[in-house]
């Protein structure tokens, strides 16, 4: 495809890790041109100053969002990787001025459909309730058809993608008990973003391990919505996030009980069949469980199912790269669907191990 | 105490990590003299060749176990840090020839009291069934009185110590449901020892996270024994170990349901009261959970209790250093009791963070 | 290019890290088909067992070298990633039976042209002296023309590539003093390969730093050869390798003195001009120095030049990924030249940071 | 010694890493009582909130420096671990109001004796020039006698301690050439302190390596002063600091040329003899070089000397823990001297490895 016919995409919030990951992947995407990069604090700087790995590449200079004329920018698609709440205002403004631009939003702002749930979890009314209704939840493997037609896609969270991919098919198949599900999740540090906080310093994170937000993490709202949708009734799971001294990767250890006489082997069979043709979900042989390092840098999710020694119970382990399938890779997968391109375009990177 | 009156101790298996950790701690223990160090593969070498951190110290040369005359060695106490199975033979021999020597065994060989359970989990009959009966399970906070009089103490495993310290008092108090307990455990690499295996190489372990032995880890036998003893009925918990890219530390995230109307706050109160005077177990304020880095290098266990959002359920997090409270520190705590010394002698190291 | 017209390549020694890195890169190389994978200890196994990151891909089963019929295999090119010494025998045999197959050898076996130097550094006569003469030293940026016509290319070492890329142009330009050059080099652990040795265990490597082979590292032979060739007289540099607790990356801090009145700025100008059109060497602005993380996973080398406060002296810092530009990426760059393909084919990966 | 007779010490700036390291060590120092902890931003908080590892210990609450009455505090000794420049004002004020209190200052503020050198390196006149003259440079192994009588000791920097301990005796012995010395230094992250800066985040530091401040690092001023003092003429060395993805440890690789016919073996002999009786400096056998992990958490410095293959040149490697011998341990060593206690009191910790 000649350069002039490439789609023009913008990345709002390019100085964070999901922003740089979008650049990494889009630089090698054959159908797009990176036409706009915003970063308010770093406006006026070159991307190579903020992320030296891009020194050998030509990229637009970073600009401030306020200085951007959305109509003139004429983006085919904008990836929005901005902090919570800011996003609602920016996306409203962008879509008002450039209604043909499509948006994949990587924040949590448009993930909840229910205005009451949003207000309860975030402590304020949503600033763009119409868009909240319009937004499609962008977990491709679950909502593929709706995403194809969407103007605004809410890219799922990394923790929740890792929990939903193994659990949604099992819930839909009524193969597991809906009460008592425990999701023990472990994430690398990039999931916390690039803001300079004491608790994110190298010396506070390396050579140690801990849980955080025990009992009350915001990601639960998203799980509640999607699991309840899949079940046709309210489902509330126990979820504990932990921080691993590594950069990339999420691993969820999920404790479930078979329902309707389903054994761990049955759960494995359901998932294997369900994902047999999905390009980005791979189910390991029964009894094997994944390691995060084996999906690092790729858009893959690996899922394993093992038998617990407690009768009737199974242990499911899922792993993905929080910056790829858990964020920027999934955002590009959504873009590919929205633009009518093959879903895997630009996402064929093989995992980097070691 | 003058040097000549110091107790003579030996460390069998001094070239591994629990061995070097014993040396680290015992070098500063006021009541003991390190009189013997064995290491079969490294026999004839200086300890400083095997562990250069000991270069500035005078220590006996490493010798082979076979070359050791137990009677002549006249040890007051031997720490046995040998691989599984070897241990049974060595301890039998040692106690036959030097019946006054006391033994703290850091392997799993004498932890199970039940010969049938031992045979089932390890695939062979125990080679020293009499000693198996005699051995006292050395979790100090639970079996202190018996340890004081013991000749042979089986030092508990690191994973199991981390799970038992929070759970045993709750089980004894009948404060939690005995079915459905989930222990999701995460350990640093030193828990796997110092043997040269591909899966333990730096590049196989760093920058990643994974579960192992899912559904069938041997440590479960020890948990079954002690939890069932505490409950007065059989208790079988779900237990999954994981490897964290760090050297030291175990953190257990434990999912329980209150029993008899006990709330998470009640569970916290029970543990706080139970451990109020224990020097090596510290219960954090309700809702706070520990980090492994804050107990690194010390003999402390930190325990936190938080409320799950699922009604009636609590999340308990415990953390300890697998080489100290999970192995060598606990072994010295056992020695202190057996020798009639203050329990904290030589174990006052403050955690090393960062 | 349709699949049937792809070049057939083999990887001898596919169970090590340079082997897996070749697979990672070649899976996305448009012109090749991975037709053969050997791994003696793992023969009969699937590649996914040895490297689970390849689970989603179809790859030939691992076979033993002895079981391979080179004529029948009819490889267009073989990458040889075998241990030292073994290589000489295998390559001799392969080229005798399949003279049309071309070979890129990633070991050190064919890097030295001088038989006496080889014997002195390695302690034995070369087993294939004719091939030793035939082999072309595969540092593309220096020996591009010869590589194009070569049947057997000796892929340079990772340390030496990192030192040669900044130094060879300066030596050729007579811009630096040839005596007193100091190369202080630091490498990640994958440079040491995947063999299970105690000193490579996670707990022996993480959270610490050290030099090794101080004063007598074998890589020096390669530097001597190439620097002396560039200078037209014997050049012997001081070289010290160190191990960094990270997986990938080499960084060399190089201390030089300008010659012929050349200032640090002049050295920078020489390198900038020299590498202006090279796709895989990028010279940073004067005074800036690179970080290994910014070239991780890519075939790039970053070079920085800064002024020392000692008059007339400059500090040069170069960085590359030891598994890519320092091994498998460079090997593919060599293959591209040998096969007449664009040099960058299959090597466009952008660095993975964070 | 009964509690009431213990010396009262204060730590100014207790919320940073050198502050917490002082607390770690002083909690087990038999002669002192921690009577005061200041931390302006965290004033009013408990130390356990700022550093949870101290949860089991009783410590004074953090207070603001401004709220402290130095006379009433009646400290025997104050450790000052405050940021640059602030220090000069605080120490002046403290010594004016409580002239009997002694001070060990861990900042760089009082290390340079020369007011002109201070102004040149720091860009402003010193705010307490009289104290600057009075201050004794606290490298114990070099200035022991003066330290014993000092009221104000300027604790040396971590990088400079690591470079001075091997070089000062060699310079004094006229055993090495004074020109062309290269110090290639590598440090763990705690050397950068605990301030929340983007470049210190885990994801910016782990899995990578880089040099910084190339050619113009402020620590050089301190090296110039002490090396010139030792030599009796101006000595200017080349010094490059690097960051290692680890918490603790500094390793310096030092390139020198023997003078007066001194061989590398001679240099080793000079250092071995010089440090034979020093409790905290250990010279390894000739040809062996140290690893940072083997001195972690201890007050030891390990030094190794090896022969370079370039005739007449030696490579010296020194290693210490930047938070102990490089900061807080050395500060306590200074205190012990100033108070007339045995120099090793409270500093007997054995290194923590792994």
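As written, the chain order gives the labels A, B, C and D, with residue 1 at the start of each chain.
Note that a residue touches a chain if its C-beta (ideal position, glycine included) is under 8 Å from a C-beta of that chain, and two chains touch if they have at least 3 such contacts.
Computed from a predicted model, the values in this text were never measured in an experiment.
Undergrad: Let me check something: if the centre of a chain is the mean of its CA atoms, which chain is farthest from subunit D?
TA: A
Undergrad: Which chain pair is joined by more contacting C-beta pairs, B-C or B-D?
TA: Between B-C and B-D, contacts are more numerous in B-D.
Undergrad: For subunit B and subunit D, what's the span in angstrom between their mean Cα positions?
TA: 36
Undergrad: On a C-alpha centroid basis, what's the spacing between subunit A and subunit B, in Å?
TA: 40
Undergrad: Take the average of all CA coordinates in subunit B, do the same for subunit C, and state the distance between these two points in whole angstrom.
TA: 45
Undergrad: Please set out, as single numbers or ranges, the residues of subunit B touching at least two other chains.
TA: If we look for residues of subunit B contacting two or more partner chains, we find 17, 190, 203-204, 206-207, 245-248, 290-291, 293-294, 296, 353-354.
Undergrad: Spell out the residues on subunit B that touch subunit A in their complex, using ranges where they run on.
TA: 180, 182, 184, 186, 188, 203-204, 206-212, 214-216, 220, 236-238, 240, 242, 244-249, 251, 253, 255, 287, 289-294, 296, 304, 306-310, 313, 315, 317, 319, 353-354
Undergrad: Please output the residues of subunit C touching subunit B within their complex, sorted ascending.
TA: Residues in contact with subunit B: 17, 189-190, 194, 196-198, 200-207, 245-247.
Undergrad: Contact residues on subunit D for subunit B in the complex?
TA: So the residues of subunit D in touch with subunit B come to 17, 20, 23-24, 27-28, 51-57, 190, 206-207, 247-248, 282, 284, 290-291, 293-298, 300, 302, 348-354.
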